[in-house]
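Beneath this line is the structure, given in structure tokens, with notes to follow.
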Amino acid sequence: MTSAIVLGGSRGIGKAISESLKSINCDVFAASKGDIDTSDLGIVKKFLDAHKETDILVLNTGGPKAKEFFDITEDDWNKYHNQLFLGFCLILQKIRINEGGYIFLISSSVIKEPNPKLIISSAYRAAFSEVFKILSKDYAKKNISCINIAPGPINTDRTKELIDNVEEFQKSLPMGRLGEPEEIGNFVKAIVENKIKYLSGVTINFDGANSNYIF
Amino acid sequence: MTSAIVLGGSRGIGKAISESLKSINCDVFAASKGDIDTSDLGIVKKFLDAHKETDILVLNTGGPKAKEFFDITEDDWNKYHNQLFLGFCLILQKIRINEGGYIFLISSSVIKEPNPKLIISSAYRAAFSEVFKILSKDYAKKNISCINIAPGPINTDRTKELIDNVEEFQKSLPMGRLGEPEEIGNFVKAIVENKIKYLSGVTINFDGANSNYIF
Amino acid sequence: MTSAIVLGGSRGIGKAISESLKSINCDVFAASKGDIDTSDLGIVKKFLDAHKETDILVLNTGGPKAKEFFDITEDDWNKYHNQLFLGFCLILQKIRINEGGYIFLISSSVIKEPNPKLIISSAYRAAFSEVFKILSKDYAKKNISCINIAPGPINTDRTKELIDNVEEFQKSLPMGRLGEPEEIGNFVKAIVENKIKYLSGVTINFDGANSNYIF
Amino acid sequence: MTSAIVLGGSRGIGKAISESLKSINCDVFAASKGDIDTSDLGIVKKFLDAHKETDILVLNTGGPKAKEFFDITEDDWNKYHNQLFLGFCLILQKIRINEGGYIFLISSSVIKEPNPKLIISSAYRAAFSEVFKILSKDYAKKNISCINIAPGPINTDRTKELIDNVEEFQKSLPMGRLGEPEEIGNFVKAIVENKIKYLSGVTINFDGANSNYIF
């Protein structure tokens, strides 16, 4: 049986991925913020004592509240450095991904088109994407695929917090709607179910044609 | 029943996509080079008289033989301009994609990391990727998803033509092997089967962690 | 004395480059559309009979009128394929750039963030950027630097044609103004004057912080 | 008289920039590591008490020794998070750049094509590039240009430390040589001297045609 650990697995995109992986009989540990809060490195280490290996790992965590550059404190930077970057690094340094496995990173489309209100997220998620890209070549030797999914506006609680008028905002989007978490869940499931391995070292915008950069 | 037209559908990646779509009961027209050769615009127009609409369209065609810049003739440029770019433009100007449909473009990883031996392919496939990106925003209004798949080294006849010593070449790749056409076929199938629509306007490297650019 | 050929050198950005190179005593041939129209390959060939070598080459040409995808005719595609792509290829296949020289390509910021109204320009300028990138590695062996300058909104006649209300448009720009052709002219001059050679194989957005893509 | 602060201004690229700015009569404070070590945030704050404003700011610092992912300690991550990212953020939050000024960031070509041995540098320099891109739009309102220069292999002490056999390495480069710090120094000088302002929000690879990504 295939095992999976999904961080941030109790809500939003993480929950959708957990449920779609369960639907194909994966043994999923859907970690809530109570199980592991990557902004607290002590907790991360404890988590790693209890979870030493997995077939599938989904690195996923919410971002900070919207805050513009000049309002960000040193504590903010350090907290989200842990949450969005360093916690994930410690996990990958220690956890064993079994041969033939998968690592999915749920980042954000702001890594490619950064957003002033999400500057912390833009910065640290980009930083971790660099690490993830480099490691994808190592993991490839063990037939482990590393897939960076960069969602645009998805229908989650977080989006509703960030956007004032969701109705109006949706009209401005190419598809006239937010994406559904289940679409990302199904996408992850489909890759695993079909044993697609050659998709690796890639960043996939998942944003309903919303981005403007050519690639 | 979902209809699909797959250009270059009789061999390699196109064939794998055709077969995977058939496996989920799509009504697939797997067009061979005898049915439509996009380098001949007259034939393209005839094809469009016979094929006026579809739910799924896969824009796919082989590239030219490897040729370095100073050896390329004006005729070469014009031929592949038609085959890799203009033929596809004429098709999209005329064919009707039904609401909720999909357009898959099979381009190449050389659009992002261009290759001197594949300079024609790098140039015209990049050009068409620009067109495709722009159009993705229009198609989004009709809930049509546009997905640009950019394969790296895949196990096809063409790769065997281009690479002298495939055995040696494979050792140089992160996964130690070429990708299989079926992996791309299954990827396309999985998107359609799971009705994943919010993946659009995106270029997806499919290269086994071989590329070096961060995104 | 350093020789320079500047295509489209009688107006706009090309003129500004011509004049700034003259100011540092380059022997500049500022080619007008009467001297060479790259959409006419016969004229391109004649031009190459008369101009066999240069120290500095500036590949520059205006783009088409704004036209959306479904209005573009086969003749349009073919004309601008010549003007924006094939004419430049024929020039580089034939002209000799002297050792230690420079090739500047004036493309457009739409190659990275394509524009529906400038779809032809987005496509063919991107295509030629691929060729130029590949060739930069060859030219490097002869200490020739290849620099792709991708202007955003610049204060030229062309911009005034494309934009309805220039006053309003300027307010929407980060710097509150269009760029001046002389800024690009001075930039080119400064590189040549200071013998900066290691800047090569690069695409430089010149757009007053207007683009949104991270790199 | 134009004032300039150049971090890491006592050696390598920073020194070359300092000297080229002095040559055009800028009043340059070439800060050595003794003046400000951005890995020590207390020192950064003291520095900011003494240096409250400038016309030109050059954000420049060496990177860590080469270290692969699994050897990097938590202390390493935190130290270089400060040195390459957070120290620069604190500076920009506090220092006043005078209207019409310039901020140059000296990052590295590894932000676009990350390097396993320089994984820390790839990550944190990319993170800061996100911040810098976002801020470029704000600074534009005060006519301040933000230019991110991403050097490839440059002839500095650091490169000699990182590369085992520099002679051999140079042969592998397109230009057959490392770049000279003075080329970057002259580039910065030329932009300032010619009052080129519309070049902003841009990342400029400075690598002698060595990178492979198209843009």
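Going by the order they are written in, the chains are A, B, C and D; count residues from 1 in each one.
Just so it is clear, a contact is a pair of C-beta atoms (placed from the backbone, for glycine too) under 8 Å apart; a residue touches a chain by one contact, two chains touch by 3 or more.
Everything numeric in this text was worked out from a predicted model, so none of it was measured.
Novice: State the pair with the higher C-beta contact count; candidates are B-D and C-D.
Specialist: C-D
Novice: Between copies chain A and chain C, are the contact residues mostly the same numbers or mostly different, with half as the line?
Specialist: same
Novice: Among the chains, which has its CA centre at the largest distance from chain B's?
Specialist: Most distant chain from chain B: D.
Novice: Superimpose the Cα atoms of chain A on the matching ones in chain D and note the rotation angle, 0 to 180, in steps of 5 degrees.
Specialist: When the C-alpha atoms are superposed, chain A turns by 180 degrees onto chain D.
Novice: Need the CA-centroid distance for the pair chain C / chain D, whole Å please.
Specialist: Between these chains, centre-to-centre, one finds 28 Å.
Novice: When the centre of a chain is set as the mean of its C-alpha atoms, what distance in Å lies between chain B and chain D?
Specialist: Using C-alpha averages as centres, the distance is 40 Å.
Novice: Give me the residues of chain D that touch two or more other chains.
Specialist: 111-112, 114, 126, 129-130, 133, 137, 214 - these are the residues of chain D that touch more than one other chain.
Novice: Graph shape for the chains shown, where an edge means the two chains touch. Line, ring, star, complete, or other?
Specialist: complete
Novice: Using the touch rule from the top, collect the residues of chain B that touch chain A in their complex.
Specialist: Counting only chain B, the residues touching chain A are 111-112, 129-130, 133, 136-137, 139-141, 143, 145-146, 152, 154, 174-176, 179-180, 183-184, 186-187, 189-191, 193-211, 214-215.
Novice: Which stretch or stretches of chain A touch chain C in the complex?
Specialist: 111-114, 126, 212-214
Novice: Please output the residues of chain A touching chain D within their complex, sorted ascending.
Specialist: The contact residues of chain A facing chain D are 41, 69-70, 72, 74, 77-78, 81, 85-86, 89-90, 92-93, 111, 114-116, 119, 122-124, 126-131, 133-135, 137-138.
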